[in-house]
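You will see subunit A twice below: alongside subunit B first, and alongside subunit C after that.
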Partner chain A sequence: MQPEEANKFSMHNKTGVGGQVPGAGKAGVGSQVPGAGKGPSSPTPGTRHLTPDPAPGTRHLTPDPVGYLMVLPYLLHLVVFVGYPLAFAFVLIFHRWNIYTPMKWVGLGNIKLLLTDQLIWRALFNTLYFLLIHIPLQLIIALGLAQLLNQKIRGRTFFRASYFMPVVVSGVVVTILWQQLYATETGLINVLLHRFGLPGIEWLGDPRYAMPAIAIMATWKNVGLYVVLFLVGLQAIPADLYEAAELDGASAWQKFRLITVPMLNPTIMLVLVLSTIGGFSLFIEPYVMTGGGPANSTLSGILYLYKQAFFFSKMGYATTIGFFWAMIIFMVVLLQRRFVETEAL
Partner chain B sequence: MKRFLLYATLTVGALVFLYPFVWMLSASLKPETEIAGFNPLSSNFMLENYRFVLQKIPILRGLANSLLVSIVVTTSVVVFGSLVGYALSRLQFRGRDMIFNLALAMMMIPGQLTLIPLYTMMVKFGWVNSYLALIVPAMMSSYAVLLFRQFFLSIPQSLIEAARLDGCSDWRILFTIVYPLSKPAIMTVAILTFMGVWNDVLWPLMVIRNPDLMTMPLMVTLFNVGGQAEAHLGVQLAAAMLLALPVIVAYVFLQRYLIESIASSGMKS
Partner chain C sequence: MSARPLQRVGIALLLALVVSCMSSNPAKLTGPSGKITLTYWSATNAQELEFANQMAAEWNSQHTEVQIKVEPVPSGQSTEEVILAAIASNTTPDIYASVFPGAMQDLLDARGVIQLDEYPDFFNVMHERMPPELLEQYRSFDEHYYQVPWKSNPVMVIYNTRMLREAGVISLPTTYSEFLAAAARVTRDRNGDGRIDQWMATIDYFPIWYKRLFDYYPLYLAATNGQKLLDNRRVMFDNEHSIAVFRFLHECFARGYIPRQLFQGDAFLDGRVAAKFTGPYSISHLERYRPADFEYSFGPVPHPDSIAGQTTSYADPKSIIIFKTCTHPREAWEFIKFVISRQNDLQLLELTSQLPIRAGLLDDQAFADYFKRNPRMVQFAEQVTTARSIDSVAELKEIFDSIAQEVESSVVFDLKSPEQAVHDAARRSQQILDAQ
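Up next is the complex of A and B:
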C-alpha cells in the first residue's frame, strides 16, 4: 500500500514526497503551493473525479495540496513545542543539570534517587488520601444534586448556574477565599461549627486535617461541573425504563441502583477520570494555602516538582518526577477504567 | 411537603456555592475587625483595602497583560485549529490520517512530562520574562484541532461541493460557508482556551518574574504568598475579588455558553 500510494501521489502531484509527515508537509508546501494552491481552487468541474483505484473499496479523490499549507503551522509548532521537549525529557532523566552549567550524565541516578526519596512517596500518599475523600464526596453530591434538578422545578437554570459558579472562577480566588473560611478563629467554617456546639478545627495548621480541607475545597470548586454532566446523563436515560420498573413494583432505591447507576456508568467513569487527573495536578491550592505543610501533609507531586526545579535547580530530577507522575496517572486511570467496566457487568 | 423539602435542599445548595462569594465581596469592603461572622452588611463599608492593593501592585497592568495573552492565544488557537480541522475533515492529501492520529496521540501526553523541558527551552530561547513565553507555546491546541475536525464533518459535503463548482477556493469556502455554520464550535474552543489561559498560574509562575509582565492571577498569587499583603485579610480578599470580578461579570452574561462549553469539554475528553 505504501509504495503504491506514493507512486500514485507523485503521478498527480509531482511532489515525490516520501516517508515522514513533517518533512512531507514542508516539501509539499515549499515546492507546491504557489502553483498548486490555485490549481484545485479554480477547477473545471471534472477535476474532482475518482481516480482509477487499484485497491477496490478505497476512494481516492485528487489531492488538495493546500491542505499541507493549512496543517504546516500546527505541525511545526508540534515538533518544536511538544516533540522536542518530549525527546529532551528522556535526555534530562539521565542527567544532572541546572540549565547554566553543562549537563552531567548520571545514568540511572535520578531514578534511584526517586525510588528512595521519602518526599515523592509522601506526595503520592497525600494525593491518594486527597482522592479518597474527594472522589466519593464529589460523586455523592454531584449525583444527588443532579437527581434533584432532574425534575419539573422552577428556577432550574438559576440553581444549575449557582452550583456551576465556582467552576469558572480562578483556582487562586477560590484558594484565597477558602484560606479565610478555614481560619481557626475568624473563619466561617469554625464559626458555624461553634454554633452547632462543636469544637473548632485547626484546618490548615493540623497535619491530620490539612489535606481533607483541600479535598473539601476542591469538591466545592468542581462539583458544579459534575452536576451538569450527571444531569446530561440522567436526561439521556429513557423514561420507559423507569415506567417498566414501576409496573414491576420496584422501589425508588431499586430504580436508582438497577437503572440509574448502570445507565450513568460512562458519566461516572468520566467523573472518576477527571477528578483523578485533577487530584494529581494539585498545585496552586497547596502552594497558596500551606506551602505543602504542615509537616509535608499537603505536599503534592507538582509542588514537589516545582520546588526541585526552582528552589534547587535540579532540572533532571524534576523531569524524572514529572515522568514518574505521568506514569502513575496513566496507571491509575487504567485501573479505574478496568474496575468500573467490570462493575458494570 | 416533599416539594418544600426539594426546594429547601436546592436553596441550601445554592447558598453553599454562592454565599462565600457574597461574603468575600463584603469582607473586602469592611475594616478587618468586622470580617468574622456571617452578616454581610456593615455600616463601615470602605474602599481602603482596594486602595492598598492598587498601591502595592500594578494590578491593572496585570489585567492588561492577562487580556493581551488570553486574546492572542485564543485567536491563534481558533484560527490555526480550524485550518487544521478543515484540512483533516475536508481535504485530501497524503499523510492526512497520520496527522489526525498524531493529534489524537498528543491528547494523551500529560503536561507534567514536558513542563520542565519546555521551561529549559524558554531559558535557552531567552524568552523568560517576555510575553513570548506566555503566548507562543500555547498558540496551537490538538484539542481544538480534533473538536473542529469533528464539527466540520457534520457540515453537508454537498454545500462544499456546490461552492467548489462555483469556483470558490478552499479559503473562501472556509470563510463564507464553514465559519458561519460553525459558531458553536468556535465559541466552545474560544471559551475553553480563554479560560484556560486566563486562570493558569503554574506556567506564568515559572517563566515570568518581572512584575510588569505578570498576568493577573500570578500577580494576585504572589501578592498573597509573598507577604506584600502584610497578612491583612481584607486586602487579600480585595485582590482576589479584583481577579474574580471580570470572570463573574462574563459569567453572568454568558452563563449558558460557559456551562455548555465546559461541560462538553468534559464529555469529549
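Up next is the complex of A and C:
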C-alpha cells in the first residue's frame, strides 16, 4: 500500500509542476495581469500535495483520468489474461466441458471425484518425495558452491557462469540430455557404474528410482540460480562480523555455522520457497522423460492436470485440480514462512 | 494453470481453422449445373485412399447428378479431435468412413451426426449384411443408429511357427496353460552368453489407453465370451475373468516370457519374440519385409483353460457416418449403400486386407476366389461375426486409461496383486462415470 500511495503522490506532484511551467512561462511573456490572477489559484493543488496532510484519512485526492488511462494496459492485461481465465476456470469447476460440446453442469461432481481420486494423492506424495530429495540437495550444493565461489579462486567468473548455464538452457533440452545419461544400457551414468564394478540402475524404468533421478536432474538444472542468490547473500554479510569472530578465535566451521547460516536465513527462506513452488509445478521433466510413469511414480500434480485437460479433454476436472493444487502451494508456503522464518528471529 | 482453458480454446480454434481450410465448403452446395457434390473423408493410409478413389470414380461415372469428392481426413493429434473440431466449427464433410465406434458418444454429444435408422430401408440394408444381434452392438444409448458398421480388423495372436517348432512346440497354443507351456520352451538364451535373448511375446505396456484395446480387451472378451465392460454406465469388469486375464499376463511377465523392455524395431520380424497381438494388417507388412525362411501363423487369443471351443475377440471395427452439415443426406445414404455393396466389400478386401463386417463371407461365391488366393485371411473372416465392438461412453478413454495404469502397476511392476489391480481399475472407472 505504502509505496503505491507514494507513487501517486509524486505523479500528481509532477503533473502539478508540469502544468504550472507553461502557465508561468506564458504569464511571463504575455500580460502580467492574467498571470497574476492565475498565480495564486494554480499553485494551490500543487502545494496541497506537497504539504504533508495532517490527517491522512481525510485527504481528498482529485482522481486524474489520465492516471486510469496510463494503467489501462496493465488493467487490460490483468482482466484478459488473469481475471477472465481465473473466473472462467472457477466456473468450469462445476461443469464438464470438452471444448467441442456445450458445457454441462455437474455440480460438485468434479470435487467429489477429486476427493476420492487416488492419483491426485499419489501426485501429492510424489511431489513431497521429490521435495524431500530436491530441497536438501539443492540447499547443500548451492550453499557449498556459493561459499567456494565467494573465495578468491582462479577462473571464478568462468565457474559462476558455467553453473548458471543449465538455468538458462531450455528444460526440454536438459531433460533430453539427462535421458541419455540415465539410459539403462548405454547411458553414461550406468557405464561409469559398470566400470567401477557396480550393477547398473534402471534409472527411469524402475518405479523406485525414477523420482530420485528426476530430483537429481532438477537440482543440477536449478542449482546455478540458487548459487547466485546465495552469493548475493554472502556478500551482504558485513566482513567485520567475521573479523570479530576471528579475533575471538572462532574456527572456520564456527564462523560458517554461527555467522553465515543465520545471516543467510532470508536467502535460505527464499530458496526454500522458490524450490518448493518449483517442485509443485514440476512438469517438463516427467512429461518429457517418463510421462508420469513407471507406475505413476513420477506423476506430478501439473502433469496430472495436463493429462486430464489434454488427453481426456476434461477441462472441468483439470481446473478443479488446478485450484486444489494452488491451494496446497499456498498453504505449504504459508507454513514454511511461519516455521522457517520465525525460527531465526 | 488458470490460463490452460484459454490455451485450449486457442488450440481448438486453430484446429478448427485448419480443418475449415482443408475442407471445401462450396462443395456442399449444388454446383452451377445443378449437380450435387458430396465430400467423403477417408482414412489417410495409401491403401484406403486408393480404395476410396477407385470407388468414388466408379460412382461418379454412373451418377452424373451426385458427384463424390474424396479427401483424406486432416491430420491432427487424433482423428477424433479433428472430427470434433470440425463439428464445432461447422466444417465437417458430408461423410466420414473410419469412425472408431468408441467415439460415437462424443459425436452424438456434439450433435454432429444424423440418425440413420430414419431411412425406411436402413434395417433391410443392414440385416442383409449382418445378423441383428451383431448390428445391435452399434446401437446408441437412445436406441437409435447413427453409424453403419463397415469394416473390422479382428485381433488375433500371430506366431513365428519356426521359432515354436525349434523349441519343440508343435501346435499353436489356445489356452493359458498351453501358452505358458510353449512360452517356457521358447523363452531362452540362444547364444549362451547368460542373458535371455529370445522371448515368447511382447506387449507395449506403456500405459496409453488404446494399447489395452489390443491385449487386455481381447483377452477379456475371450475369457468372458464377449461380455461388455459396461452396462448402462455401470462397470462390469470387476470379476474373476478380468482377474484371470491379469493373472495370466502377470505370470508371463513374472516368468520373463514377456520381457519388461520395449524393443526398438520390429522384434517379431527380427525373430526375437515368437508372438504378438495383431490384426490382418500385419499380413501385408510381413509379406513385404519377411526373410525368405520366416514362417508365421495366426492363432486365437488365449483363453482360460476352463473355456472350451470357439472364443471371441475384439473386432477393432470402423463405421461410416453422415454429418449434420450434409445438405443432401438422402444422396449420401444412397452412396453409403454403394460403399457397403458386395462388389465394394470385395474391393475393400483386395485393396486394404481389411474385412467388411458382413456375415457369411466364407460361404459367399463372390468372395470365394479372394479367400482361395489369400488363405491367411480365412481365420480373420471367421471372426467377423463373433468379434465384438466396444462400449461407447464419453469416458471410454479414461476407463481404458485406468485399466492401463493397473496393468502397468500389477502386471509389469508387480506392485499390487491382480485382484487388487482389477478392483482398483473398476472402482476408478466407476468414480469417473459417476462424476458427471
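The rule is simple: the second predicted complex is superposed on the first by the 278 of 345 C-alpha atoms of A that agree within 3 Å, B and C clash if a C-alpha of one lies under 4 Å from a C-alpha of the other, contacts with A are read in each partner's own complex, and residues count from 1 in each chain.
One rule holds in what follows: contacts are C-beta pairs under 8 Å (C-beta built on N, C-alpha and C of every residue); 3 or more make two chains touch, one makes a residue touch a chain.
Nothing here was measured: the structure is a model prediction, and the numbers come from that model.
Participant: Should A:302 be classified as contacting the first partner (subunit B), the second (subunit C), both, or neither?
Facilitator: Touch partners of A:302: subunit B and subunit C.
Participant: For A:334, decide between first (touching subunit B), second (touching subunit C), both and neither.
Facilitator: A:334 sits against neither subunit B nor subunit C.
Participant: Could you look at A:198 and tell me whether it touches subunit B, subunit C, both or neither (first, second, both, neither)?
Facilitator: Neither: A:198 stays clear of subunit B and subunit C.
Participant: Could you tell me if A:116 is touching subunit B, subunit C, both of them or neither one (first, second, both, neither)?
Facilitator: In the superposition, A:116 touches subunit C alone.
Participant: Check whether A:319 is in contact with subunit B, with subunit C, with both or with neither, and answer first, second, both or neither.
Facilitator: both
Participant: Touching A:101, do we find subunit B (first), subunit C (second), both, or neither?
Facilitator: Only subunit C is touched by A:101; subunit B is not.
Participant: Looking at the overlay, what does A:74 touch: subunit B (first), subunit C (second), both, or neither?
Facilitator: first
Participant: Looking at the overlay, what does A:207 touch: subunit B (first), subunit C (second), both, or neither?
Facilitator: Touch partner of A:207: subunit C, not subunit B.
Participant: Kindly classify A:89 by the partners it touches after superposition: subunit B alone (first), subunit C alone (second), both, or neither?
Facilitator: In the superposition, A:89 contacts both subunit B and subunit C.
Participant: In the superposed view, which residues of subunit A touch subunit B and also subunit C?
Facilitator: 81-82, 84-86, 88-89, 92, 99, 291, 302, 305-306, 309-310, 315, 318-319, 322, 325-326
Participant: Which of the residues in subunit A come into contact with subunit B in the complex?
Facilitator: Going by the criterion above, the answer is residues 5-6, 9, 13, 17, 21, 24-25, 28, 38, 40-43, 45, 48, 60-68, 70-71, 73-75, 77-78, 81-82, 84-86, 88-89, 92, 97, 99, 145, 148-149, 151, 153, 155, 157-173, 176-181, 183, 185-188, 191, 220, 224-225, 228-229, 232, 270, 274, 281, 283-284, 287-288, 291, 301-302, 305-306, 309-310, 315, 318-319, 322-323, 325-326, 329-330.
Participant: Spell out the residues on subunit C that touch subunit A in their complex, using ranges where they run on.
Facilitator: It comes out as residues 1-6, 8-9, 12, 84-85, 87-88, 106, 109-111, 206-207, 260, 394, 397-398, 401, 405, 408-409, 412-413, 415, 424, 428, 431-432, 434-436.
Participant: Once bound in the complex, which stretches of subunit B touch subunit A?
Facilitator: 6-7, 9-10, 13-14, 16-18, 20-21, 23-24, 27, 35-38, 80-81, 83-84, 86-88, 91-96, 98-99, 102, 106, 109-110, 112-121, 123, 136-137, 139-140, 142, 145, 161, 164-165, 167-171, 195, 198-199, 201-202, 205-206, 217, 220-221, 224-225, 233, 236-237, 239-241, 243-244, 247-248, 251, 255-256, 258-259, 262-263, 266-267, 269
Participant: Where on subunit A is subunit C touching in the complex?
Facilitator: Subunit A reaches subunit C through residues 81-82, 84-86, 88-89, 92, 96, 98-101, 104, 106, 109-110, 112-113, 116-118, 205, 207, 291, 293-296, 302, 305-306, 309-312, 314-315, 317-319, 322, 325-326.
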